[in-house]
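Each of the next two complexes has chain A plus one other chain: chain B in the first, chain C in the second.
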Partner chain A sequence: MRALVLLLALLLAACGPAEDDRTTLTIQRFFGACEAEYGAVTDIAAAQGECGIMTAIINRFEAENPDIRVVENIVFWPGYDQLTAQLASNDAPDLVTMHGSVISDYQARGLIEPMDADLAKIGIAPAGMTEAARAAITIDGRVWGLPIDTWAPLWHINMNLFRKAGLVRGGRPVLPSSPAELIAQAEQFEARTGKPYFVQGAANEYAGFTRNFYTFLMQQNGEPFADPRRADFTTPEAAEALRLFKDIYDRDLTTKNQDYSAAVAGFLKGDGGVFLVGTWMVGDFQAASEAEEGALSGGYAVVPYPQLYARDVTFADGHNWVMPADPDRTAAEHEAALRFLAFFSRHAFDWSRTGHLPVYKAMIDSPRWRALPHRDALAGLATSAAPLPKGVRRQFPIETIVGQESAAAISGAKPIPTALADMERRVNDILKNL
Partner chain B sequence: MRSQNRVAIALVVIAGVLMLVPMLWVLALSLKSNAALMVDTNSVFDGVFTLENYAAILGDGQVFRWIGNSLIVSLGMTAGVLALSSLAGYGFARLEFPGRNILFVIVLLGLAVPEQAVIIARHQLFSWAGWHNTYPALIIPGLAAPFGVFLMTQYFRAIPKELDEAAMLDSASRFTVFWKVLLPLTIPAQATLGIFTFLSAWNDYWWPLISATNKQMFTLTVGIASTQMNFAQTEGLGFLMAQAVFAGAPILIVYLFFQKYIVQAVAGAAGR
Partner chain C sequence: MATALPQQVAPVATHPPRGRRAAGWANALFVLPYLAMFVAMIVVPLAMGMWLSTTKGDLFGVEAHVGLANFTRLFGDPIFLETVGNTFYFVVLTVPALTLIGLGLALVLNTPARWATVLRTIFFASTVLSVTVVTLVWRLVFLPDGGLLAVISEALGKTPIAFLNDPELAMPAIAITTIWWCIGLPMVLFLAALQQVPRELYEAAALDNAGRWTTLRRITLPAISRTFVLVVIIEIILQFQLFGQPQLMTLGGPNNATRPIVLFIYETGWRQWELGYAAAAAQVLFAMILVAAMAQYVVASRKGAQ
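Take a look at the complex of A and B:
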């Protein structure tokens, strides 16, 4: 019996963790897990999709840096509850993915590290980044992260239906250049195809409303946050942005009562001509256009939001790497984090295959990136994509409020002036308590 | 009378079908490819099924660790709640001590305090103790179970005191009376409390989400949620449904094994 116990003890000891003198780098990210498919993949070029490419990049980094052990903490999107809890318990990861619109919330409380010197050390110059990418990480002249990408809402177009509607010229979609043209083209589309011009995810979904509202407000040179501490939505420009989409809704020029999933499926099945959704769907729709069957087969195009008003601009956000503040982080861990950021930056092209806009101007100008499907058409976002002013905090909850009140106005549940007044009051209730 | 029975049976069957259909729908979706579901969920009826979503779940090397964590936490919490609630229930039902009624009311007030109201203080407390990302942090908060104390107190009160007195006449100590005479009589209540505690611990999401931030310590609910990509409901619907089936299966098994006990206990509790 004693021998058996001894044997068991020896076996247990043998099963224990081996000595590991590598530096541990804890990377916390969203984009999901796909270990079954990509857990062992180090060929980044062979990976597809956000999860696949991110996993392959991290695998490759670990393979090329045997002195670093990467602990990859994958969190449920967007993961900010966990991050906040980790910061509260002094257990922050070394690097974490963060939306540009959220950075100011953490920066204002001293919860993330400035990275000017770090980026300079690894040879990354913010001057080489697009305006939107640089804006995402810059607060009061200092840099607080490394941009991963910029995303923006786009017009995904069913070219087969556009052809039927007579809205294709020279192989390109005919796009409106004013609100009146938009309505006219949408009515022409509806008359010739019998389908609504727009497909929108509008049920139980507010993000789309917010992106449309911000984009067309900014196109009129509207400044809802001239003072980052106070929202100003009771303006003629804001009313016009809502009026345009209410007009579209009232004229039945858009799908109605579809949630996000139904809208994606609807567009794939040919429910309408233009799907208003972000950069992340480019790959899926391109794949559908390459299939032999389906409504998009041989007929898909994607472009930035057309300029309907004075300024060519599209509301944008993006993903970034930030380094949470941690007084216990060792120099070796810090160094490992910088090596990863440099590695990720070298593989920015691989990430750009996700459909998101690259953060480096040189890459957007490169033939390699332009050769990817539809990227030529999207290159203009390098100058037209714009986030909200960096000083605006609590942008996530504010986006929800803006979307809710926009939806109420567009559906007719509230008069536009009432919805804008409510939007302004609710947002300012948040901002005044900061 | 017979026609009344038929109506009752028909109503039960209809209710059963209504409850079963969503579960069958989830199961069917879990057996479809994500790509097919993204285009049309009605593709469920085309007869082409796959196990790729389950393979993706099982292909994640962490998933069995997360199941293990959930088992440890759920069983630990269940054992702790049963022990503490039984002792407290016996005390409140049988012992005379100053402030007993006030203390009992204070315990019951715990039923009125939602977890959200104490979560920040609790998080800070465990943070101060350096216990986050440990099993005690996941188990201990659940041990404060006012419902369990109330349930066990009521059960002990319903047992005739003559049993205690008879045992004491035979020189049994108070603990012997509790352990050998009264506790066996509360097994239906223990079963009810145990099942409810286990289910609650297994399904808990919020506290493990913010306390277990290291993936090695994720419970199954947090772990499988972490594997979801953004827009999972669109681009990964089959995977999402497979996760729901996978996470719910252990609970279903527990229910099947303890079904008799649960029904008896609930019926017994209602009778009392």
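Take a look at the complex of A and C:
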């Protein structure tokens, strides 16, 4: 009997988890889940797309650092509701992905750690970063994260349809340099191809409206947040930015009623000439252009938003790693987080294959990065990409409001002055109650 | 004698034996676990919500007590007032439809035939699906770019209608989705009630040569009137809490046409980090549900008494 009890005790002990004395590093990120395809991949160069490359980088880090156990929390984009709830319940991850536009909200409440000393310790100098990347992490002269990339909306072009429309010269797309030229070229495109010039994800989707509005407002030297605590949208520049897209909408020069997924699928099957979407789609569309069949086969180009007004600028944001404040984080866990940031920084080139703009000026100037498809055309973003001023808080809900009101104006649900007045009132209501 | 009886009876009525009193307290112990859960999970959060609605703060702390300022701000907020209108519109679109269609289905399927059993299962099946699945299915129906209705429209030579992108049609589209999703519960409740109606009443009606319509009006509907009230109250409470369908199908758009109060509460509390303001909106919603459900209950009770 005693032997049986001993045997059972041994069996029970064997069922328990093995002792793991590795340091646990909890990384929380968006960019999607692709464990089925990349769960065991450590060859970063072989990975493709945001999810694949991020997963491979984390796998490789864990493989090269056997003393660290990485717990990867993959959140549904953008994951801030979950993060906020975690921070409120003292369940902070060690590192988390965060848009530059959101950092100030968490920083203002003391929810993330300053990282000046940490970055210096692992040899990363903010001075070597692009202006947009540095601005994304800098508040009141202090650094609050490690930039992953800068993204901006781009003009993804179906060159096959552009050729048919007579809008290719010297192998390059002919782009407008004024609103009038844009309308003229779009009408020429529509007349010769029978398709709308633009493809846009405009249904159940507001981010695209916001990016277009901010970009063309900035191009007119508009400053909607000259005072970060008070928005000013009732300006001629803001009205002009909406008028341009309303004109495009009214003339049927864009696809309508497509949601984001339908717009991506539509562009891939040749629904229109220019897809207005961000840097993250460069890799996918380039892959489609390399396929033997398909509307983009052998005919894809991508460029920053053309300068239609006084200033060459594109609204931008970016992804960053930040470290949530956690008084219970041990020195070993802190050290593991810094080792991961240093590792990620060493693989910045791999991440740049996603299509996002690298954060290091030296990389943008490097022949290696320039040799990637279309990067020469996108390099100008290093100086023309501009986020909103860092002092503007609640940028995430503000972007939604700006998108909602822009969509209402462009579709004709509201007159432009009413939409701008409503936009200003709603945004200022948020800023007034910070 | 006339005065003696009350003196003899009174002690019995006002002072039960010690054993019975002890048994009464012992019985109360049976409800204690539920009572404790009710207080902890309903009463305390409700009280905390009411307190939060008088504060300014976020999930990380209360910054200040502001009294009724959040409520004043709410009733001057055009977006909130729009969400109140949207929510009422949605309740008007769905509750009568759910009640009447549920009753109709129950009347048709209240038979032991095999086909009725199969149809009952089919009609109830949608209820077990999650809101994510339901909205995904119906988005594929409503999409103007390759959706089911668009394909049918194009086959008939018509231009597809962008139901979810049209301020006039988006809420009716969400209502249709909701009715399809939620019809199982009212149908089952009505079926249960119909099966409780005594057969003898129908036999008597048949002997009196009562027609189907007369039988329905004079026997069936009066017999299930309490269930009718129950279904209406349940549906009012459920449909006032609309959230998942617009969140997943329209994000509250176009032009705020489908933003309900709960979506407003979520966006205000989680996206804008204004917990006190969101809690105030939640109190308004609570009051609206309470008033609507109680009004229905009182009206139905008075009719029953008459």
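The rule is short, and it goes like this: the second predicted complex is superposed on the first by the 425 of 434 C-alpha atoms of A that agree within 3 Å, B and C clash if a C-alpha of one lies under 4 Å from a C-alpha of the other, contacts with A are read in each partner's own complex, and residues count from 1 in each chain.
Simple rule for what comes next: a residue touches a chain if its C-beta (ideal position, glycine included) is under 8 Å from a C-beta of that chain, and two chains touch if they have at least 3 such contacts.
Only a predicted model underlies this, so the values are computations on that prediction, with no experimental measurement involved.
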item	value
Touched partner set for A:397, first chain B, second chain C, both or neither	second
First (chain B), second (chain C), both or neither touched by A:88	both
Chain B versus chain C as contact partner of A:257, first or second or both or neither	second
Partner chain(s) touched by A:429 [first = chain B, second = chain C, both, neither]	second
Touching partner for A:231 - first (chain B), second (chain C), both, neither	neither
Partner chain in contact with A:382 - chain B first, chain C second, else both or neither	neither
Chain B/chain C common contact set on chain A	81, 84-85, 88
Chain A - residues contacting chain B, complex	30-37, 39, 50-51, 71-78, 81-82, 84-86, 88-91, 260-261, 264-265, 268-269, 280, 284, 288, 294
List of chain A residues in touch with chain C within their complex	80-81, 84-85, 87-88, 105, 109, 111, 202-206, 255-259, 262, 266, 394, 396-397, 400, 404, 407-408, 411, 413-414, 422, 426, 429-430, 433
Chain A contact footprint on chain B (complex, rising order)	38-41, 55-62, 123-124, 126-127, 132-133, 209-211, 213-215, 222, 225-237
In the complex, chain C residues that touch chain A	56, 58-60, 73, 77-79, 143-146, 162, 164-165, 167, 249-256, 267, 270-274, 277
